[in-house]
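Please find the structures below.
Consider the two complexes below, in which chain A is the common component and chain B and chain C are the respective partners.
== the complex of A and B ==
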């Protein structure tokens, strides 16, 4: 149901773009205004969200670790899993961001039928890790490749990535490896949500919608490159016009391009309000980005409220006379 | 803000990255590829109408190759019924500037010089067809 709703939402978006461009001729709106708006919303929303997170108190040391803590000199410390230095934290974060290390440790737990009744078994589960890794890396490469539309002259590294990605040289224009990887990974991530009952149970529309919109973007892009070609030169003129702040709509770009662009604009505008903000959030995860020096350093809560205390010495000062009269021993005469 | 300096600095780097294309292209003209005039031929139309060629010429070339190499059919009949010899040389014969007209193969318009027809466009779109690794001379594929 939630999946269906999200799917319909993406279909509606596609229809809006199709009708808007093909029937109503709103090229200016879909080619220029909406992309600019989406960019502003994306950057503004992203910065706003990160600053808002940054302002929330971080009173405790809460790194989650899974290695030997620094201890006596002859006990070997897990320097990355349980870092006590800035370098250790950087390495840990880098492994997390580039290789999803904590997802790598994902496990599954199942009830299996044993000889005497059901048995709880744990096992490693690497498919999610693998699927996400393929998904994210392909996505990154695809975005870098798209820089060829936004930069003139095209820098060497973009050309290099482009040629590596197309190295199989199947067909003309050559098939990009990442296109295939990306599509498979998105479909896997989607099917996983449907197929595993537990995951389906916790999946919300906000989980399906990004998947569908990303799938829509990928499919429209693939159709545009291999099947219903659009005039790439005109597309680049449009893109360059946008980034040079002299936007203009070149003649003769197919509607498929505007669908692609509209879906991307929607994704960008939606990004800061959604779970996709894990892109920024990963850097601000206190369980990952803190050194595990809980017991090596005294951490004082920076927001500690001044507490009024009444020490025994003060108490005695106040009641010394009465205490003496009652025969209670006092420390100071 | 806890570690505010670092967060702000990271955000500035992030925004700088995103706005890179804006600064990279600052003050440059958005002129598109600079296509030399190639009306050296008597025909004023390409193999297929120009709008089709612009977007689909690589797929046409692929069709040509399959047709010639796999089906042994070396004549292409276009949508208007005109026939063309299937070869990369056919393209090059029309798409040469006057200056390079007589030196097809040596000064192939598909190759490097920047004022040449195919290359100016391909540089603009950042595509590097590998066809001329083999199809370099006037006699066709050499490898």
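== the complex of A and C ==
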């Protein structure tokens, strides 16, 4: 139901773009105004959210320690999983951000009931890690590849990534590896959400919607490149115009392109209000980005207010006689 | 109040018959069930009064009416707003979860119940849904589509049920790709519940005791001294050596603080005897305190303020007695507090000195700010420098495995020190499977104040994954002793072992160390710390 609603929402978005461009001829709206608006909402919203997070302090130093602490000199410290240096934290965060270190730990617990009673088996489970990694890396490479539309001359690293990505040289234009990987990964993430009863149970419409919209973006992109070719020169002209702030709508770009662009714009505008902000949040996660040097360096809590305590004097007042009788030293005889 | 019936504990076969199929209804429409045996009693009026906490009254979770204060919704929502402003962790954890489900089967309560609301992701969603409704635009406008819902009494009861079905063990946070820590969410959830007087008796009672009398068990100073001295009698019977600890002694070099579970009840007291014997053998200049006679901190399971109020006694007492530094005993959550919170709350401890072992000269640079070290750090250092004589053959009748307590593992990283001590003290040591130890260790199922007796079914469920890993080494290697460094473990495991893997005993690390400790001038040891014959040592076998 939640998946269906999200799917319909994306269909509606596609219809809006199609009707808007093909029937109502609102090329200027869909080609220029909406993309600009989406970009502003994305950047503004992203910054707003990060500032909002940043304005709340981190009162306690609470890293999740995933390895041996630094204690005695002859005990080997896990310098990355339980870091006490800035470098350690940087490496920990880099592993987390680039390689999804924590997800790599994933296990699958199974209950097997045999003759000698129930047995829990905690086996390795790397598919989610692998699927997510392929998804995010392909997405990143595809975005970098798209820079060729926005920059003139096209920088060398973009050309390089482009040629590596198309190295199979199958078909004309050559098929990008990342297009295939990306589509497979996003479908995997979707099917996984549907097929695993537990994950389906926790999934919200807000979990399916970004998947469908991303699927829509990928499919429209692939259709444009391999099947229903659009005028690529005109697309670049539009993209450059947007970047150079004197936008103009060239003639003859097909409607497929506007669907692609509208879905991207929607994703951009939606991004800061959604769980997609995990992209920014991971950098600020206190259980991962803090040093585990609690006993070495005092962490300051900016709102560390005074609390009511039960003092020793009050305690002794209550128990003085009993303490004296038991031979426990007291302050006041 | 409704009469609360005593729940009958189901058999292991019944509990391990777990249905992992989610219910047919959406979780927001699935009512919370309060089944006897799976929840704790409500906090008592007198304890909340002692502590000056809100809404003191007699109530029972079994009642329909929880006697919530007027305007409780505003209190909770204001409480959420306040905490969003105070804790970046809370704000971020509310915002960035993608519901990938990686945490789901990492939680011992989910594994053992199949109840989807015990998946860490959904446990967080219980509060996230309310956050969305009142604090985000998408939730305000899209409502349920965005996973938002109104706060009402049913929701509050659901929070109470599930935030007291989380032991704040942090296992889920190890696996979360963003490090979302359900312990942090539960801590804040419980703080919110406490704003309207919804704690459990097993937490509020010990907290009130600790506040007034210095320890969770409410042991008064003379009784504290008496308990320790009767342990000294047992030590004398066993070794022929009279140990003479001191109490509240000014000018001692070291203050020793341990959880109260170590000086009342078995098998905790054997660990305590271990400390006493070790310190005596070393001639350590240390003192016990009756005022700071609690290392644990059930305040931590109430609110950060309450935790700070209890914790303040340790530095205050160290200052009053004029000690140089502090050693802390074997306890789990105590060490998350000492390691990650104490200095921030009640430091700087600039009146203390950086701990230096008077025996080995080792300077504990890792504790140069808090000035407090863990006893296994201290003992591992002694063993490394050959400063104590051990006869591990006295533990030869034991096949030992080691349970990493949640907090020292995931809130500190104390993994090798206790193993080093155990391996020096015991010849037969076996690890449980890799995915169930160290940072991936499973909770005893009774942590964070849930080790009451009325919730025994819940505890036996929660401890099932841990016990199952113990059973594995019991069957494979004949393991018969579960060593640990936590007083809650020592209190909770005996029942858990009897239930899931009978025949496995429970011991603190320093109990096993003291069994092996060869003391100067001791009589030949024929019994162990428990007063049982040592096989092969000439006892009356």
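Following the convention adopted for this analysis, the second predicted complex is superposed on the first by the 301 of 333 C-alpha atoms of A that agree within 3 Å, B and C clash if a C-alpha of one lies under 4 Å from a C-alpha of the other, contacts with A are read in each partner's own complex, and residues count from 1 in each chain.
Here is the rule we go by: contacts are C-beta pairs under 8 Å (C-beta built on N, C-alpha and C of every residue); 3 or more make two chains touch, one makes a residue touch a chain.
These numbers come from a predicted model, not from an experiment.
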Point to revise | First, second, both or neither for A:140, with chain B first and chain C second | key: neither
Check your understanding: So, A:12: does it touch chain B (first), chain C (second), both, or neither?
Key -> neither
Exercise for review: Using the touch definition from the top, say if A:164 reaches chain B (first), chain C (second), both or neither.
Suggested key: neither
Review point. Is A:233 touching the first partner chain B, the second partner chain C, both, or neither of them?
Key: first
Check your understanding: Which partner does A:284 reach: the first (chain B), the second (chain C), both, or neither?
Key -> both
Check your understanding: Once the shared chain is lined up, is A:78 touching chain B (first), chain C (second), both, or neither of them?
Key -> second
Review point. Does chain C touch more residues of chain A than chain B does, or is it the other way round?
Key: C
Practice item. Considering only the touch criterion stated at the top, classify A:245 as touching first (chain B), second (chain C), both, or neither. Key: first
Practice item. For A:111, decide between first (touching chain B), second (touching chain C), both and neither. Key: second
Review point. Which partner does A:151 reach: the first (chain B), the second (chain C), both, or neither?
Key: first
Practice item. Please identify the positions on chain A that touch both chain B and chain C, taking each partner from its own complex. Key: 54-55, 57-58, 284
Review point. Where on chain A is chain C touching in the complex?
Key: 2, 5, 49, 52-62, 64-72, 74-76, 78, 81-82, 96, 100, 102-103, 105-109, 111, 113, 116-120, 122, 128, 132, 196-207, 273-275, 277-278, 281-282, 284-288, 292, 294-301, 303-304, 307-312, 315-316, 318-319, 322-323, 325-330
Study note, to complete from the structure: Within their complex, chain C touches chain A through residues 12-13, 16-18, 20-22, 27, 52, 84-92, 95-102, 104-106, 111, 116, 119, 121-122, 125, 136-138, 145-147, 170, 173-181, 184, 211-214, 220-222, 225-226, 247-250, 290-291, 304-305, 308-309, 312-313, 316-317, 320, 338-341, 343-345, 347-348, 362, 364-370, 372, 377, 380-381, 384, 409-417, 420, 433, 435-436, 438-440, 464-465, 468-469, 471-472, 475
Exercise for review: Could you please specify the touching residues of chain A with respect to chain B in the complex?
Suggested key: 39, 42-43, 46-47, 50-51, 54-55, 57-58, 147-148, 150-154, 158-159, 162-163, 169, 171-173, 229-234, 236-237, 240-241, 243-246, 248, 252, 254, 280, 283-284, 302
Check your understanding: What does chain B use to touch chain A in their complex?
Key -> 1-4, 7-8, 10-11, 14-15, 18-19, 21-22, 24-26, 28, 30, 32-33, 51, 54-56, 58-59, 61-62, 121, 123-128, 130
